[in-house]
Every structure is written in C-alpha cells, then in structure tokens.
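Each structure below appears as structure tokens.
Across the two complexes that follow, subunit A remains constant while its partner is subunit B and subsequently subunit C.
Entry: the complex of A and B
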C-alpha cells in the first residue's frame, strides 16, 4: 500500500519548512518576494504534474489557469486601492477612468471583497478547466491534439486580455497595488506573510495531490495513462476521471497565480504567453514526471537558472530553455529524481515510462 | 420477429446478434452476422484473419457501433446504445487480442482496479481497502497462478503471464459473459492447454466466448464452434462437424 507521505515527500516537506523558517534570517527582505514567487512556480509545477504525470494529460495551457487566478487576485488588489489612485476615483480603477468608463463592468462586481476574489481565483480556472475538459474528454480528444488545443486556449486568452475593451487593463494589465487586507504590500511583515502562505500552499497542495494519487482514484488515473481502453472496458468512465484531475489541477494553478500577483506586484497578459505554459512542462520534465516532488524541484532549479542567466546573459535564456528540453527528453526521461534514484539504487523501479 | 436459424432463440439467448453489419470505408467487416449464445455456454469462434472476429467483439462491447442489426443482452437490453463502461457494468468482460494490463501498476493493483466495485470518481477517491477485497485478490492470484508475482510490476511479466493477468482482471469484475480474444497467442503448448482448462472451469457459472486460431486449443475446449468468414457465420456446430465441411476447409482449415 502506498503511503500518503512517502520518504521523498517527507524529505521535501521538511526541507521546505526549514528553508521557509530560515529564509527571513539569512536573506535580505527584498529577496523574500522573489523566493515567494519561486514557491508559486513550484506549486504550478505540482499542479501540472498531477494531470500530466499521473493522468497523461499534457496540458500546454496551464499558464492560463495560473494567469486567471492572478487576475482574480489582481482585480481585488485594484479595488483595494480605492480612491488613492492617480484619478482619486473611489469606484473605478485608474485604467478605467483613463479609458473613459463611467461605471464598473459587471464582472468586476464583488471583487472589492477579498473572500470573493480568493474564491474566484479558484472557481474561474476550475470552471474553465471543467467546461473545456468536459467537451474535450467526452469527445475523446487526447494526446497531442489535446496539447494543441490547450495551447490554443492560452493563446486565445492572451489575445483577448491584450484588448482594452476586455476591461482588464489591456496591455498594461493590473498594477500599482498598495495593500492587501489593509496591510501594505511593501511592508516586510506582509512580504514574509505572503512568502509563508506560498510555502503553506505548496505543502498543502502537495499533500492533497499525494492524497489523490495514492487513492484508488489515483490508480485509475495511472491506469488511464497506461491503457485507456482497458480502463474503459473495466467499466470506468475515463472522461469523468480526466475532467476531475484537470479541474483540480487548474484550481491549484489558479491558487499559485493568486499568491504570485501580490508578491510580484503586477499581472499582465504576458502571463498567458504560450511559451510560459511550455516552460512549466520543462520544469516538470526536468524534475521528474509523475513524482510531484520532482516537479516542484524542477521548477525551483529552472527558475533559479533563469534568474541567473537572464541577469548575466540575457540573450541566452531561450536557447538554454530549448537545450534543457532536448537534454531532458534524450538523456533524462525520468528527470532529476530518476537520475537520483539511479545513483541511489542499482536497479531503479521506473515509475513512469516516457 | 423472424425465428433465427441460429443456436438459441431470441428469448433464451443471453447474447443475441441478428443481421449485424458494419463497414469501414465501404469494406464490410461485419456483414449480416447472426449469433445466439446461451447463459453458461462455452463458445469458440474461429475464422481466418480479417474475418471480423475482433470487430464482432468491438460491437458487443460498445466500442464500435453497427450500421444495422440487433445486439441484445438478456433479450431486452440493446447493447448498441451503450458505451464501453456501461457494457462492462452490465457484466460483460473483455480480453484484448494484444494483452493489455496496467504496466506500471503491480499485479495486485491490476486486480484491485478490476474488482467489482463502484466505478465513480468519488467512490474511488474515498475507497478504503477491505479484508474481503484482500481475500478476493489472493484467491484470484491463486487461480491465475501469479501469487508469487503479487507485488511485481505488471510490465515485468512474461507475455503468457500478462494474458493470464488480464483473464484474472476479467474474473475480478465478476462478469456474466467473458469475451476472450486469442488468449493462446504467444503461449507455450503447456500454457495453451492450461488456459483451455482454465476457461473450461470458468464456463458454466459464466458464459465464455473465445476467439482462437490454435486448433489444438479449440479441440481442448470441446465446445460448440462458430466459423466466421467475411463478416458472417459460415458454419456452426461441433468442431468435428464444422471441420468436415468443404466450405470451411476451403476458406480456413485447408490453408
């Protein structure tokens, strides 16, 4: 029987707790939001691994769910600015005044409430994934076709959110946030709290994902990945399982986006860029598909590498990303965790076939 | 209804096919196929490659929709309106021509997933193992002779062992009808005979339809044989009866 917290999950959670407690002591405060951002990416990677690594659903649009969660939180932060914006309009965010809106669009209603916005950060990505998955999986779209339409989904949202008429700040997105729940976003204590929340969200979602994959439902998901028709002929409605895991995964991605936005201080349509979604896949592949912990580690490694490369050799990043992708595909089919397992044991028991 | 000129009457049959046709791009893979099988019967279906044996199973199990014809379960349930999962839940289990098991799961988990139990997402999310399930898995492992491989990954089984595991997964579903497509493929002579004995022991309590090429295997089953040719029934009866017929020898046995 598979344990909820296996050895590597336990190790990871312990290391995460330790690092979260140590970070404020060893890092300057201005780096704390950066670390918090990394943890959000790690959470996003766990979300993708849940549906790709276990159910075989290779989503190339998970950046969209992340961005939608981010927009939901960003909308709340815009509303919290209130009358302190440049135009001092208590009812409308600055960009709406600038664009000549005379009233708040209906889809902005309620976002002044934090609980409502937090709920929307989960519900909107979840609902989109549910509806999208319902149609795709019921029509038995799978494999590369599914990947392509998820990529098209995020691209369509990119184009839509770029338009000023959409009412989400167009090209510039949402920014100039001041406070969350009355706490200044630039205050060290707020930054620490957001960082701590990101760590807690990562740990919580990791445990939730473990609970799913170690349940009988998780074994059905792997069964679908390994032999979909066999699963159907055993009487399982495969589409129900696929929609379920895709939706849960999208909600986790939305949560990651909602925690990301107050720490980076901006959300704009660039988050919907197809390349972002592909990068998530690289994180998971590099860390080790179907391992959850590996996905989180993969995100941390690649994102740290990206931070360093874009600072030292700004032109090199895309080549490095491409090179990494090829390296993982050819040399590390089970990712870094697979490599570690190969060194740890003479004959590893491969959990995932490429 | 016209009385069928086939094994059992519509009312008595557990599985009843009449005038079933299906073409692919103009090619008639199944062409006016009629077949009736009674509860508890063991039936062998033989026929040359491309005769439509696998397609017939696809139609019974909801994978392929026929263009025309009747497919009835227990005289009243129209199988052509159901999807694979619904047909499986009626108690119709199917073994594929190419052995198909969950390669990255253990042998034990393969059987656990197949055990008759609620199939919904919520039910499996909240599922807890029971002593009764453990006992059923242990009994099945004994029956398919994979008890020593209980914890092994299914990917590491031999071809013949995978065939048996898949039969075990069918049995775990506690089906009323088993459709078994070429079980002896890739088996040694000894394994083939053991498989025939296993299927004979299963029949009676359940209905078993076996597609097979291996004539020694079919002889060992010692049951009624249906010969399929170009998507229709060419002959039906005992193996001695059908193998004496000139048309059967022509299309199949005399190759």
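Entry: the complex of A and C
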C-alpha cells in the first residue's frame, strides 16, 4: 500500500506552505497576483497529470476546461460590477448594453450569486468532460485520436467564444472587474487572500489526486494506461474509470481557471487557443509525467522561465519553449523528477511508456 | 470671323467630300444651326476615329468652345476666372483664356440625342474588342431606342461571336424600350431570355407590368425561367466554392496523410512546413523582382520544385534528428514536433519579420472565367487543378514506383521488409521527406490565397488532422473524399449558419463522427489496421 503523502509530496507541500507564508513578507505587493497566477497554472498541470500521467489520456483541450471555469467566475465578477459600469445599467454588463441586449440571456441567470458561480466553475467543465468522455471512451477512442478530438473541441470553443452572439463578450472577453464578495480586487489584502486560496487549492487538489492514484481505482487507471485491452479482458469497465478521472481532472482545471480570473483581471477567448493547451502538456512533461508533484514543479519552472524570457529576450521565448519540448521528449522521458531520481539512485527507474 | 471660317470650310469641302477627316469635321462643328451640327456629329460618329469620342463627350459636357480670335475649336476647362483651353484633338495646352474670348458651342436636346447615338456607334466600332464588349454591355444596361440602328449596324459588322451575342441582347433591350410593334417586342423578350439570369432580371423587370397582356405574360415567364435557372447556378457556384475549399484542405492534409496516415507519425509541425513552402514562394518572387523581372510569370513554376526539395529536406532533417528516436511513442512525437513547429515559426519571424509578406499572382492566374452563370477565378481554378495533380502524382508514386512499394512494405511489416534488404531507416526518412515536400507544395499554392505570415501554418494544422482522421488513416482516397466532403459541407452551411458557426458545426460533427467510427470514413482493414 502506497502512502497517501509520500516523501516527494510531503516535501512539496511543506515547501509550498513555507513559500506561501513567506511570500507576503519577501515579495513586493504587485508580485503577489503573479505568484497566485503561477499557482493556478501549477494546479492546472496537476489536473492534466492526473489524467495523462495515470490514465494515459493526453488531453490537448485542458485549456478549455480552465477557460470555462474562468468564464464562470468572470461572469460572476461582471454581475458584481452592477450599476457601476460605464453604462450604469444595473442588470446588464457593459458589453451587452453596447451590443444592444435588452435582457440578460438565460445562461447568465444566477451568476449574481457567488456560490452558484463557484459551483458552475466546477460543474460546467465537469459536465462537458463527462459527456465528451462518456462518448469518447465508450467508443474506445484513445491515444492520438483522443488527443486530436480534444484539440478540435477547444478549437471549436475558441471560435464560438469569439462570436459576439454567444453572449460572452466576444473577443474582448470579460474584464474591468471591481470586487469579489465585496472586497476590492485591487486591495492588497484581497490579492493576498486569493494567493493563499490558490496555494490551498493546489495543496488540496494535490492531496485529492494522490488519494485517487493511491486508491485501488488508481491502480486500475495505471493498468488502463499501460494495457487497456488486458484490463478490459480482466473484467474491469475501463470506460468508467477513464470517464471518472477525466471528469475530476476537468473540474480541477475549472477550479484553477476560477482562481486565475480574479487575479489577472480578464478572461478572453484566447485562453481556448489550442497552443495554450499544448503548453500545459509541456509543463507536465518537463516536470515528470505521472508524478503530480513534478507536474506542479514543471509548470512553475516553465512559467517563470516564460515570464523572464518574454521580458528580457522576447524573440528567444519560442525557441526556448520549442527546444524544451524536443529536449524533454528526447533526453528526459521522465522529466526533471526522473532526472533527480536517476542521480539519487544508481539504477534508473522503469520508463513510463506512452 | 465666323464668315471667314465658313468660307475656308466651303473652300476645302470639295477635296474632302469623301473622306472627311476628323479635324475638318471638328472645325465645322460651330457652323450652321442645330440640324447642321447634328449632321456633322453623325459624320463624326461614322469616322471611327479613336479621338472622336473625346470630342463628342466634350461637346455633350458643353466644354467645347470656339475661340473668337481665330475660330479654333478648343476644350475649355476650369472654373470661372481660371479657365484654360486645350486643343480638343491633340490635347495641346493653349494657355488661359478669358471667358469673353470664346463662344460656347450650344447644344439642344435633339443634338444631345445625336451625340449619344454617335458616341455609341463610335465605341461599338472601336478596334479594341474589349472596348466593343464594354460598349455593348453598357448599351444593354441603359437601353435606348435611339441606338437601335447603331446596334443593328454594329451587329452586322461584328465578327466576334461573344460580342455579337452581347450586341443582340443590347439590341433586344433597345427594341423593348422603343415603341416598336408588340410582335417585335415579344421577339426581343425571347432573345433576351437567353442572357445571363441577372441581365434578364435587370432588363425585363421594368416590363413586368407592360400594357400589353401578352407581352407582360411573356416577360414574367422569362423572368421566372431566369430565376429558376439562377437558383440552379447558385447551387453550382456553392458546389464550386466547396470544391475549391476542399482542394485547399486536400493540399494541406495530403502531406499529413503520408506522415500521419502511412507512417503513423503525429507531425504537429506540418502546418509550419506548409508555411515554409509559402515563404519559399515569397523568396523566389523577391529574387525574381530584383534580378530578373521578366521571369515573374514563371515564379510559381520555379517555386514549386524548389519548395518541394527545400521543405522535403527540412522534413528529412526532422525525421533523422528527432522523430526517428520516438517511433512507437506517438504522444512524445506529438510534443517534439510541436516544439519543432514553435522553433520554425520563430525562425521565420526572426528572418522575415512578423508581418504579412506580399506574394504576387502571375498574370496567367489572375482573371476570371464565366462558366454559364458562375464565375471561376483563375487562382482558385489553378489550386483545384494543382491539388488534384498532386494527389494523382502521389497515388502514382505510392502504387507504381519502387520507392512506393518499399514504403508500403516498411509500414506494413518493418521486420520483414528489413529482412528482405530494404533499408528501413532510409525509407522512413524519405517517406517523411515526401510528406514534408508535399506540405511545401501546398505552401506554394496557399501563398496565392492566404496571408503569408509566420502564423500561416497554425490555421491549417487542426483542419488537416481532422481531414485525415475523418477520411480514415492510411487511405489516400479517404483523404480526398473527406477534404471535398468537408469543403462542400462548410460552404453549404455558410449561407444560413454564417462562416464561424458553420465551422463550429463541422467540428462538432467530426468530433461526434469520430466517436462513432474511430477509424474514419474508410477504415483500413486487415493486418495493417492492427498495428
């Protein structure tokens, strides 16, 4: 029986707690939302690692679940602006007034309530993943085909959210948020609270993911990953396990998106871009697929590298990212954590096969 | 002064009675009364002189005046106080004139009619066929009973059948506008009903409520026939747009059908290989512009083999450098090739800049043809033909060449092929190179219809994967069917769903379709499918 919190996870959680407590003392206030954003990305990476690393479902559309969660939160924040918008309309967000809506579309109902919006940030991505996974896994669509249709899914959503007629603000998305639950989003205390929440969400989801993968179901998932047909012949209902993990993973992505939006202050259809989803995959691959902690670390490393490179050498960023993809796949099949483990132990661990 | 000119003209007349030169006719314009002038205008119309139209137009605009000092006919332009005169025939600048120093040549309505008729005759007799056609079409647009005779003459003199056809329609429209007997006008309706539907509608619509019931009935019958004919052609046009879009998809996907379909390699850098092909075209055209502008018509012919070889070489390098190490690990291949695509994009951005590059279209490809009632633009037509040619060429290579045989042998049973002495590594590299080279060819074609920018490939990668998967992996005919099917479906959906929504519907359809039939429209059967 594998322990729920193994040494790696324990170390990571301790470091996370320490860093979260230290951040407000060490870092200037304006960097706090940036750190919170990084933690959301780390959570997103953990979500993807749960379904890719343990169930072999390489989703190239996880950015879509992230964005849907973000939109759900963004819709609440838009409603909370109320009559303080440019057009001072208490019922309609500015962009709807601008586009000539005379009433709130039905799918915006309820988003004035925070608990409802928070629920939707989990339910909408979860439901989409459940329906999508239900159809896909039951038809035994797997491997590359699954990756391609998840990519098509996020692409279709990208096109849809760009349309003004959809009622989500078209290509400008949702922005100009003011406050959440009555706390001003620009106040340092709110920012700090959101940062702390992001850290707590990351820690919580990490423990949840560990709980899943160390359970009996987790063993079956690994069996599905490594030999799907054999698992099926042993009598397991493979699609049930796959749908379950895919849905949980999508809900985690939605949570990450919901925490991300109040900290960056905008959500727009660009988040659905297929390239974003593929970038998540490289975080996981760099950190170490099937390690959870590695995925979070990978996200933090790549995102920090991106912030630094795009600011100092903007032309180099894509070269670096592209090179990273190639390097990781060719030289580091088990990611940074695999490399660390190889130095720690003389005998290399068995490689995770695709 | 006027008298003097008149004497001069009379003195000159006998010698020039038969072949009146334009100069003399112009000199006679100010003379006599309106009837005399109409006669002169008529004669000017019959000269067929290319300079005559300008004279008549100036007269119509009341810009023609006679200089009091020497009786010379000049064109006066410019507002009051700043008038200048130019010679009406040579355009020679004669300097500023005071408004009192010239006398306007006056026109009345009767004379105006004569001028218009003469003008119509002049352009209808123009030696340049395209101007004659334009004149015939103009006459059709603004039917004028006055022009009936001119059109009859022009029809008799015309030897280009297309222009004669246009003239006969214009003639019929003019007859319809005249007060000719009903029988003649019915015949005109009959003649007009063979014209393109839009022409029929614009020419006949005013007579829907004609006083004569038989005529009105004939008109509405012809209009109905035109409307239904147009509906059929509109469908044909939609189909053509669909085929055209399908060819673009086919070009983009067909290289992928090799690398993904035959080899099973997920090459996410495929779109960037297409983009490299487009930039090759740009580079070739730049070189031609600076070094040898007269070769511009050949630029695409030069770019096609160059793009194939260049992009194919890039493909071989990618296979040998990266993909080779990742066989059997499709998801890792996907990631590594995505990395390659980012690097290629940024490399092109660094080399050529982030903005769109201008790629010209050679003359032989621009222009449009009319097929029935639909318009085929040259570049679209060329792309359809090119896509089908590439497809056919690829089929021949796969089926009838030693390389194609080896390629199929290696993909079906690598170990056995190696045992039989096939150098599988070399075949892998060349197969990947072939797929990449075809992507380069697609780039040359797409440079003609799309913006050549570093992001060019991004727009095609998802579509091309969907085409290959939809058609059935490893099946070239499936790729063709899927590309054409999706292209046509897209264009059929577009009018009622809008371009973006139509595209979303197609994506949803494909997602659902793949769930139902994961191996595509035409799945591979037998052992090859098991791998």
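Throughout what follows, the second predicted complex is superposed on the first by the 351 of 354 C-alpha atoms of A that agree within 3 Å, B and C clash if a C-alpha of one lies under 4 Å from a C-alpha of the other, contacts with A are read in each partner's own complex, and residues count from 1 in each chain.
Rule of thumb we're sticking to: a contact is a pair of C-beta atoms (placed from the backbone, for glycine too) under 8 Å apart; a residue touches a chain by one contact, two chains touch by 3 or more.
Note that this is a predicted model, so its numbers are computed, not measured.
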On the A-aligned overlay, A:26 touches which partner chain: subunit B = first, subunit C = second, or both, or neither?
neither
### Message
For A:181 in the superposed arrangement: first (subunit B), second (subunit C), both or neither?
### Response
neither
Task = Pick one for A:311: touches subunit B only (first), subunit C only (second), both, or neither.
result = neither
Discussion item. Tell me the contact category for A:155 with respect to subunit B and subunit C: first, second, both or neither.
Written reply: second
_Contacts for A:285 in the overlay, against subunit B (first) and subunit C (second): which applies, first, second, both or neither?_
second
Request  = Could you say whether A:344 touches subunit B, subunit C, both of them, or neither, answering first, second, both or neither?
outcome  = neither
* Asked: Touching A:143, do we find subunit B (first), subunit C (second), both, or neither?
  -> second
Overlap of the subunit B and subunit C interfaces on subunit A comprises residues 353
Subunit A residues touching subunit C in their complex are 58, 132, 135-136, 138-141, 143-145, 147-149, 151-153, 155-156, 159-160, 162-163, 274-275, 278, 281-282, 285, 315, 317-319, 321-326, 328-330, 333, 353-354
Counting only contacts in the complex, subunit B reaches subunit A at residues 61, 63, 83-85, 88-89, 93-94, 96, 100-105, 109, 112-114, 119-121, 124-127, 129, 153, 155, 169, 173
Note: in the complex, subunit C contacts subunit A through residues 266, 268, 322, 325-326, 328-336, 338-343, 345-347, 349-350, 458, 462, 465-466, 469, 500-501, 503-504, 507-508, 510-512, 514-516, 518
Listed in rising order, subunit A residues that touch subunit B in their complex are 1, 212, 215-217, 219-220, 222-223, 226-227, 229-238, 240-241, 244, 349-353
